[in-house]
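Before anything else, here is the set of structures, which you'll find just below.
Two complexes are shown next, each including chain A; its partner changes from chain B in the first to chain C in the second.
Let's turn to the complex of A and B:
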C-alpha cells in the first residue's frame, strides 16, 4: 500500500491545539519513562519541577523573584528573534548581540552611573545597549543585503567574537579595565548594583516586582500591535512570505530587512540592559543561553508574540524547576531540563508536519498516476 | 628543554588537540553536501563522546568505542533526517535543538554515571594502549616533523584517512557525484531518478557518525576525566566554521584543521614558544589568549564575506543548502 504527502490548505485551531498539546504530553511521558528507569516517581518529580518547589516554602516569594529575573531576558529575546524570523532572516546571533548590549550597559553604568540621576542613567544604559546590539545585528544584515552573505553563519561567527571579547574583559587585569573590581587581586567583575539599578515598583507582602517585568510586558503588547496592525508589520509578513512579491509590490525589501533586523537586535540589547541593570554585575555567562533558548522559544510559539510569553514562562519553569528538583531527587541531574526541552521541541516539530501536510493513502494499485 | 624539542612538541600538539575538528568538519561537509545545514555538531559530538567512552570502557575495546560513537552520532543524524527530510521541519531550528538535546544527554548520562562510579580510562588497558602513539616507520625519523606529524595515536591516522576517503568519494565516485547533485538541486536530481530521500538520509547519518567519532576522540584525549565543562567545549561550532573555511572540501579541511589548530595551540603553548625564542617570538606573551580563541571565527567570517563578494563559481557551497526538498512543490 503506497501513500503520498500533500499540502494541507488550512488547519483548524482545535486540531492544532490538540496536536501541540499531544506533542508536549508525549515528550513529558518519554521523560517520565526515563525517570521511572532511574527509580524516581515521575509524578512527584514533575510536581516538584513545575511548582519550582514553591509549595510549603517560606521563601517562595524569593523563588518567584529569581524566576522573573530569568523570564524577562528570555521573553524579550524571543520576541525580538521572532521579528527577524518572520522575515525568514535567521538571526542566530542573539547571544552575541546580548553580550554586546550587556557590555555597553555596564560601560554606561560605570561611567555615567555616578554622575547622573538613577533614572537618566538607566535610560542611557538601555539606549546604549540597544545601539550596540542593534549595530552588531545590522552589520550581518547589511552584508546579507549587499553581498548575499549567509546571515545564519555570519551571526553564528559573530556570537563567538562577542563572547571572547567579553572573556577578554573578564580576564584582563589592567589599570584601564574599570569593569573589574580594583580591590581584588584576581580578575573579578566589579558590581555597580549600588550605583545604579532598576527599582522595584510594587511590593506585595515580601514579594517585590521589578519595573523591568512591567516594561517587558508593555513591549510585548507593543510588538504584538506593531506586527499585527502597522504597515511595517505587514511589510515584514510579506517579505517573509516572498521577497519577490514584496519587491513587485513596490516595497523596498532591503530597507525593510535592515530596519527589522536593527529593531530585533535592539530589543535583544534592551533585554541585556534589563538583565545587567537588575543583577548589577557582568558575568561571562551573562546571557544564560537566552540567544539559543530564545530561538527555540520563538519557534515553539510559531512566532506569535502572545504565545511567546506563555512558552518562555513555561521554559523558564522547566529550567528553574529542574535545578530545584535536582536538590530533592539526587539521581536526576538538572541537565534533564535540556533533554526534556529538546524532546518537547522535537515532538512539536514533528506535530507541526501534520498541521501543514496530510498523508493520503493511495487506493489499490494507485501508483499508476503518481 | 632545547628549542627544537619545543617546536616539535608544538607541532605535535597542533595535531593531537585538533583532530576532532577534522572529524567534525568532514562529517559536517558530508551532511551539508546533501543540502542539509546541521547546526547540531556540538551536540552530536557530545552524544558520540559520552556513549563511545562509557561503552568502550565497559567493553575494554577501542574498536567498540569507535563503533558505538559512530552509531550514537548516526542515531542523532537519523533523528535530524527524520525531522527535516521526512517531516519538513526547519533545519536551523532542528540543528540548534539537537545541540541542546545532545548536551543535555551528555551531562545527564555523565553526571548520572559519575554518581555511581565513573569508568577511569587508566583502568582499561586496551583503551589506554590502543590510544597510545604509533610511530610510522621511516617518516617518524625525520627531524622536527617526524615526532610532530608522524607519531600519533591511531585515531589521528583514522581521521586523516576518513578525510581523504571522503574527498575521493565526493569528487571521484558516482554516488558522490549524485550526492552533490542532490545538494545542488534536489529537483533536478530527482528528475534523473536519484532517490533524493535515501541519499539525504544515508549521508546525514554517515556525516553525523563521523562527528560522533570526533567527540569520542576528545573524551579519550582528556583521559576521560569528566567534570563540569563539556569535553567538546565549542569544537563543534568551530567545525561548522571550518566547513566554510575549507570551502566544503574534505581535503582542504585537513589544511584548515592545521590553520585553526595552530591558533588553538598558540593559545596554550604560546608562552613556552616565547620563552624559547625571546627575540623572534617574545611578543607572543603580550597577546591576550582570547584573541586566539576568537581568531578562527573572525577568519571564517572574513572567508564567508569574501566568498560571497567574489563570483560564486568557485564556491563549494551546495546550492540548496538549508532548504528542505518537498517533491510536490517543484
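Let's turn to the complex of A and C:
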C-alpha cells in the first residue's frame, strides 16, 4: 500500500482555520503528554497558563499591564521584520538593532531626562533609538548593496557585537559609566523610571493603558497601509519578487533596499525605546528575545500585518503564562513555553503543507514490479 | 500482433485538482521507432511523459512495457524498466564533471570514487558514438553539450525507451542537425524514442509516427510519411489554421533608433557586442539573427539602459540616449521585452497579480504616495479580453498562468504603453502555434501603427516571413543586414557562423548607416 501527494487547487478559509487551530491543538496535546510524564495535570497547567493566573487574582489588572509590556515590543519587532522579509532581505539582526536602540534610549533618558520636559525627553528617546537601530541595520544593508555580502551572516554577527557592548556597559564599574547605579558597589543598572517614562492615557478601574500600546496599534495600521497601498510598498514587493524585474522597471533597487532596511530597523529601535521607556531600566536581557521570536511570529503570520498582531498576542500569552504557571507548578520550568512554541511552529508548518497539498492513498490493483 | 509494443499506454487519466491534464489517452511506441508527441501548450504532453518516467502516477489507466503490465511508482522503477527521460530543464549537477554526473545515478558503483570511472564512462561514450570529455565540468559546457550528456546518461542507465522533452528549443540549426543524427543512430541500434516538440518541420524531418494530443485528449496517431504540416496543425489546434505569416508593407518613416559603433561588455567583462551599427525606421521590423549567446541579450539590455555602453552612440529621434536611466528611456517610448529561457526572469514579477504587473512601469507616475491600481485593473481586463488570456481573474499571480498567457500579458503591457520602438527578444519562445500567431499579429499591428520593431528571434523561417530586414550577428559583430524576402536560410546560416561577411557588399553604403541619418544634426548640437 502506498500513497502519493497531490497538489490542492484551492483551500477554503474554513478549512484553513480548521487546520491551523488543529495544529495548535495538536501541539498542546504533545505538550500535555510531556506534562503528564512530569506528573503535572495538563488541564490545570494549561488553564493557569492561558488565563495567565488572572482568574481569582486580585491584581489581575497588573498581570494584564505586564503582559502588554511584553506584547508591544514583540508585535512591533515582528511588523518591522516582516517589512524586510517581504523584500527577501533576511534581517535576523533584530536582537542587535533592539539592543542598540535600547542603549540609545537609555542614554537620552539619563542625559536629557532631568533637563527636558517628560514629553520632549520621550520623543528624543524614540528618535535616538530609531536612528541608532536604523543605522545599525543599514550598515549590514550597505555592505550587501556595495559588496554583495550575505545579510543573514552580517546581521547575525552584529547581534553579538551589540550584545557584548551591552554586557560591557553592564559590567564596567567606572566613573564615566552613568548607566550604572552609583550607590551600589557591584555593577547594577540604574533606574530612570522616576526621571522619565511613558504615561498611561486611559484608566479602566485599576487597569491603566500605557500610551505605547496605542502607538503600536497605530503603527501597525500605518504599516499595513504602507505595504499594501503605497508606491514604496509596491516597490518592496517587486524587489522581493524579482530584483531583475525591479531594475528593468526603472526602480533604483539599491536605494529601495537601504530605505526599507532602515525603516525596518528604525521600527525595531522604536520597539526598544518603548520597552526601555516603560521598564525604566536597562538589562542584559532587555530584548526578551524579541529579535528571534519576532522572526517566528512574522513567518507564522505569513508576513501579514494584521495576523502578526494576533500571533504576537498568542505567543505572549504562551510566554507570560508559562512564567506565571511555573510559580505554581514547580516541576515545570518556564522554558516549557519555548518547547511549546517550537511544537506549535512545526505543527503549523505541517498544516501549511496540508493547505497546499493532499495525500491520496493508492487504490489496490496496481501490480508492483522489479 | 507479432511483436509487442515497446510501450503501450491505455486509457491514462490524470487530474490536478479540478484541471484535467490527461483524459483517457492511448499511446503506443514500437521498438526502434521515433514517435513525435505533438500538441499545443497545456495539452498534456509533458504530464503524460512524466507518468511514463515515474514522476507522476496516473489516476487510472494502465501502462504496458514489452507487452507486460507494470506500475511505475518512481523514477527508479522507470529506470529499471529501461525508460529514460531528458527533461526540458536539465537535471545536472553544475560543479560535477560529466562522468560524475553519470556515476552519481548508477547502481552498484561502490562506496569509493575510483579514478578509473573516467575511463569506464569514456568507453561507454565512445561506444554510443558521442563526443564528450568525461572530465569536463558541467558549468563549462554549452547547452548542446549538456543535452548530449543527458542523453548519454539515460543510455548508460540502460534505457531502451528515451523520452526527449522539447530538446530543440534551446539549440541552433546546426546543433539540431547533430542531435537528429544522434537520434537516428540510436533508432538504428533498436532504441525507441519519444520526442516532444511544437515545431512541425522537425516532426516531419525526424519522426516515423506522430501522436497528437489536444487539451488533454488523445486525438490520433498517424504515419509521418502519410501526412503534412497543414493536417497536423488542424488536428493539433482543432480547426483550420492559416500557416502563412503576414508581412504588411507600409510607408517607412525616418530612422527612430540609430546605433553607431556601440560596444558592450557582458557580465564577465568580455566584449559581447563589438562596434555594432544599425538603425530602425518607423513601420519597419528588423530581425536579429545569431547563434544563442552571441550578444543579443546584452544588446537589448543596453538599449533599455540596463547595461552600460562601453563606447559608441545611440540616438532616438535625434536625441542621445546613452547613459540615461532605464526610467528615462522608458519615458521616451522605447519598450523592451525579453523572454529569457525560464520565461519569467525579466519583465514580470511572478508572484504578483496581473494587475500589479500591468502597473510595473508606471506605478510612480501618479501624484501622491499611493499606487493607483484601478487603471491597472482596467488595462488587465482589456488585455485579457483583447489577447484572450486564459485566467480566472486579474488578481491571479502571473506565475500561475501558462507560458503563452504569461507572454501575452508581458507583450500586452508593453503595447499598452504606446511605445514608438519595441525591442522584443524571443517573444514566441516555447509558444504553440496558435499563441505564436497571436503574437505575430500583435507585432504587425504595431508596425502598421508606425512603430519601429527590433525582433530578436531564433526561428529563421519565421524571421524570413515576418521581418522586413534581418541583421545577422556573429560573436558580437554585424555580419550584414539583408532583405528578408531576398535572402535564403543558407545565406543566413553562413553569416551566423561568421563564414560570410556582407557588411562591405555595397562600397558606397556601409551596412547599418541610414541615408537620412539624424546623427549629423545630433553631433552639431
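Quick note on the criterion: the second predicted complex is superposed on the first by the 339 of 370 C-alpha atoms of A that agree within 3 Å, B and C clash if a C-alpha of one lies under 4 Å from a C-alpha of the other, contacts with A are read in each partner's own complex, and residues count from 1 in each chain.
The criterion applied here is as follows: a residue touches a chain if its C-beta (ideal position, glycine included) is under 8 Å from a C-beta of that chain, and two chains touch if they have at least 3 such contacts.
Source: prediction; values computed, not measured.
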Task: Which superposed partner A:214 touches (first chain B, second chain C, both, neither) - done: neither
TODO: May I ask you to decide whether A:5 touches chain B, chain C, both, or neither, giving the answer as first, second, both or neither?
DONE: first
Open item on the list: Just checking: does A:237 make contact with chain B only, chain C only, both, or neither of them? Give me first, second, both or neither.
Closed with: second
Open item on the list: Output check: A:248 vs chain B and chain C. Expected answer is one of first, second, both, neither. What do you get?
Closed with: second
- [ ] For A:21, decide between first (touching chain B), second (touching chain C), both and neither.
- [x] neither
- [ ] Look at A:38 in the shared chain and tell me whether it touches chain B only, chain C only, both, or neither; answer first, second, both or neither.
- [x] first
Open item on the list: Going by the contact rule set out at the top, does A:349 touch chain B (first), chain C (second), both, or neither?
Closed with: first
- [ ] Based on the superposed arrangement, let me know which partner A:229 touches: chain B (first), chain C (second), both, or neither?
- [x] second
Task: chain A residues touched by each partner, larger count belonging to chain B or chain C - done: B
Task: Overlap of chain C and chain B interfaces on chain A (superposed complexes) - done: 4, 6-7
Task: Residues of chain C defined as touching chain A within the complex - done: 16-19, 57, 69-71, 73, 77, 80-81, 304, 306, 325-327, 330, 336, 344-352, 356, 359-361, 363-364, 369-371
TODO: Would you tell me which residues of chain A are touching chain C in their complex?
DONE: 2, 4, 6-10, 229-235, 237-238, 241-242, 244-250, 362, 366-370
Task: chain A - residues contacting chain B, complex - done: 4-7, 38, 90, 92, 143, 147-150, 152-154, 156-158, 160-161, 164-165, 167-168, 171-172, 292-293, 295-296, 299, 330-333, 335-343, 345-346, 349-350, 352-353, 356-357
- [ ] Over in the complex, which chain B residues touch chain A? Could you list them?
- [x] 37, 39, 79, 83, 86-90, 92-94, 96-108, 111-112, 115, 234, 237, 240-241, 244, 288-291, 293-294, 297-298, 300-301, 304-305, 308-309, 322, 326, 328-329
